[in-house]
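Here the chain labels run A, B and C in written order, and each chain numbers its own residues starting at 1.
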Amino acid sequence: RIMRPDDANIAGNVHGGTILKMIEEAGAIISTRHCNSQTGEPCVAALARVERTDFLSPMCIGEVANVSAEITYTSRHSVEVQVNVMSENILTGAKKVTNKATLWYVPLSLKNVNKVLEVPPIQYARKEQEDEGKKRYEEQKLDRLETKQRNGDMIFPVINPEPHTVGYSQSSLIHLVGPSDCTLLGFVHGGVTMKLMDEVAGIVAARHCKTNIVTASVDAINFHEKIKKGSVITISGRMTFTSNKSMEIEVFVDADPFVDEPRERYRAVSAFFTYVSLSKEGKPLPVPQLLTETEDEKRRFEEGKGRYLQTKAKRQAQMQQVARQ
Amino acid sequence: RIMRPDDANIAGNVHGGTILKMIEEAGAIISTRHCNSQTGEPCVAALARVERTDFLSPMCIGEVANVSAEITYTSRHSVEVQVNVMSENILTGAKKVTNKATLWYVPLSLKNVNKVLEVPPIQYARKEQEDEGKKRYEEQKLDRLETKQRNGDMIFPVINPEPHTVGYSQSSLIHLVGPSDCTLLGFVHGGVTMKLMDEVAGIVAARHCKTNIVTASVDAINFHEKIKKGSVITISGRMTFTSNKSMEIEVFVDADPFVDEPRERYRAVSAFFTYVSLSKEGKPLPVPQLLTETEDEKRRFEEGKGRYLQTKAKRQAQMQQVARQ
Amino acid sequence: RIMRPDDANIAGNVHGGTILKMIEEAGAIISTRHCNSQTGEPCVAALARVERTDFLSPMCIGEVANVSAEITYTSRHSVEVQVNVMSENILTGAKKVTNKATLWYVPLSLKNVNKVLEVPPIQYARKEQEDEGKKRYEEQKLDRLETKQRNGDMIFPVINPEPHTVGYSQSSLIHLVGPSDCTLLGFVHGGVTMKLMDEVAGIVAARHCKTNIVTASVDAINFHEKIKKGSVITISGRMTFTSNKSMEIEVFVDADPFVDEPRERYRAVSAFFTYVSLSKEGKPLPVPQLLTETEDEKRRFEEGKGRYLQTKAKRQAQMQQVARQ
């Protein structure tokens, strides 16, 4: 579809959140179609996890987004989908890869939303494809378990008038879940949640560096708990780390199912977003260093640095591998 | 994309206007891409006309709309695009043709919006395809001229408390044209206009028969004048004719460019929509007869009857042709 | 959240209606949460009234709106919520108070929508807070009764080609109530209604003075009747009074529950909006005087003048009080 002014920031760059939402919609369609391809209980595919994704080049207003999706692995109860997004300038004909994402879906029965159904297996062209898929499946399963345990953390409102501190840029947003946000089962689309997360992360980043910012990457996101129609969700973001030219923001999504059921507020999703600051010519700008004050802030900064160095090392290894070929 | 509650009426049937908007977006993308495929002045394709289209089967919430577009003819200054819409139930895998539409676009220069550029010619597989296209081109050109002359008519507000009169169901809607409604040139997308026209026509139809109604077909629509960002548009609809099971509604779009320029209100578009009334089981219901009072109303009723009988005759001829093959 | 192009007019000022909608959403969330805080029947808080609110400074595209809400009084069956909106320019860090609003909500049972539930009482820091709240409660109750009686008036369509007459700028808009407009109970959100009212009032104001206009204030709005999903609502506005630099517009909301039930059209809401006209530099411009023709128009002009002078006197008294302190 054509990118509109509402999909973009004031500099004309399309929000990462808009792209994440399109990716998720494509993934949901292909995996729901696959899981219903054999006769059996009708089901809807629910997003369980998005792997880390990099935004390779910014998309602009007026460009057309081409989204393609393919199922690359199936386990007994889950589907791995690879989604590619290309931006096309229909005036010049130029096409660029915007990003590639890997998503995991789980089929939930339409009749009983707590029942996970079995996934029809796909055929692999080569045996290695199945083996590699299985490896990816095991890895993400482990990672899901880990984040689930980490999830006790909370973002408390702090107001700090001192620029470049954590409290200064920290932000949160509440959203009442309406019918358009939901699947046939009455639960929030993963893509809607990701779009809101990107919006909060973007506000934190802009408050910190007061320039035009764009999403550079999103770490793996795990969707631990469903969010029901009518819930109020609170999306909070705080900066955890800055390198010379990037900022890492941690985002939490907490749901409050206050009307229907007497359940406590719970953590539904959490993730790390990385932003860069861009000049008017689209060149990366230096980012002011984050001022950490408390012990927790210092610890999170070190952890963020660890993730940053790890990603950097991985990318260098990949580039060497490409160069060697 | 997946049809959401917002795309549909309370009975779950997707609004014809939502489908028309998707069709136009697909047409605009393919024709803008084509017109920029040769080096030259960059341009944006603007909708000039939509041929009569029938809604063959209703689409429902949760279904996926598959839209495909193909360029079928080019004249010196215009492009004919054929768009097909299929609805797919991703739970059952069932696919149905929802409708087929033919649209005409004209390339306008990005630098000078009043300049119509030349269209790169397409290659035809067979010579007959070019000849048939040329015939369609000449026909639509004639029809465009005719409606332009007819366009002096106005809908004056009438309130008539008597059910089933023209004044009783007559409705109008004003809309302030925002940035998301517009192309890169700052003019309203034809699809946005058609969606609003369908909204007004639907309200007229529902007021008349007080049941669940759906769009059955739209007569050829000519876009005589562009509508600029910031304009206020008034969309008015009145019922012109009822048969046993259908209603014809005439819709006018008038633009008021009140902020920027001292220009008068002008007629931008006009069209006829046909609606049917459906029972809860999706069966067509009888429609109360329209009560005409003034001479003009009686004349329009007769003209509507003429169009109705003509369409009916054409459809029977087509069916006999199909039967004979 | 960040203000987008669609939230604003072409001059970049955010529509008052967008702000009213955010205010109402915050109020609905906090009061629904409060009313469900004690075990008992689950309920949804419905907007009963908004007190007069002034728009102190315009908000622009790209700014972040910070909305905070607090419960300030509870009667047996209603909740008073105070909502503050601040606009924050995240590039410069500048913050400004945009407006403060007081809203009244009533908890309706989720099981039986016609049953008003009891509100858990709040604790007051000081006895005077409770007394002042009670006074406000009694005052608004009286005013609600009064407007209910006044509500027989209608706006009939008039077309007057003469600029600056009442008939010239008079406008109306119809809207089909969709799922996204509604609460869990299936009734229109008060905020959605207010946004549409502001849209009509803004079109009336722009038609009258043909310049860039912004909402300056909204008089107290009473929500007398609920509006059900699937209804068609007609929002009509007419200018009632102009001072040198402001325009007062009266807006009516009438609902037509045409599909479900054989009920007559009824008046759901009415209110007065005040607009000012701004130059490109954001300075107030003189407003052309309203030309009144009929006796009714002259009477309404005098009534509007009364409201205008009363508000002016109140504001001067407040300023003197502030100066004296």
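Everything below uses one rule, namely that contacts are C-beta pairs under 8 Å (C-beta built on N, C-alpha and C of every residue); 3 or more make two chains touch, one makes a residue touch a chain.
For clarity, every value in this text was computed on a predicted model and none was experimentally measured.
*Asks:* Determine whether chain A and chain B, two copies of the same sequence, contact each other through the same residue numbers or different ones, counting it as same when over half of the numbers at the interface appear on both sides.
*Replies:* same
*Asks:* Suppose a student superposes the Cα atoms of chain B on chain C; what rotation angle should they report, nearest 5 degrees?
*Replies:* Between chain B and chain C, the superposition angle is 180 degrees.
*Asks:* Distance-wise, how many Å sit between the C-alpha centres of chain A and chain B, to the nearest whole number?
*Replies:* Computed from C-alpha means, the inter-chain centre distance equals 38 Å.
*Asks:* For chain A, give me the residues that contact two or more of the other chains.
*Replies:* In chain A, residues 5-6, 179-180 touch at least two other chains, as defined above.
*Asks:* Touching residues of chain A toward chain C in the complex: what are they?
*Replies:* Touching chain C from chain A are residues 5-6, 9-10, 163, 171, 173-174, 176, 178-180, 199, 202-203, 206-207, 210-211, 229-230, 232, 256, 258-260, 262.
*Asks:* Which positions of chain B touch chain A when the two form their complex?
*Replies:* It comes out as residues 1-2, 4-6, 25, 28-29, 32-33, 36-37, 42-44, 61-62, 64, 88, 90-93, 110, 179-180, 184.
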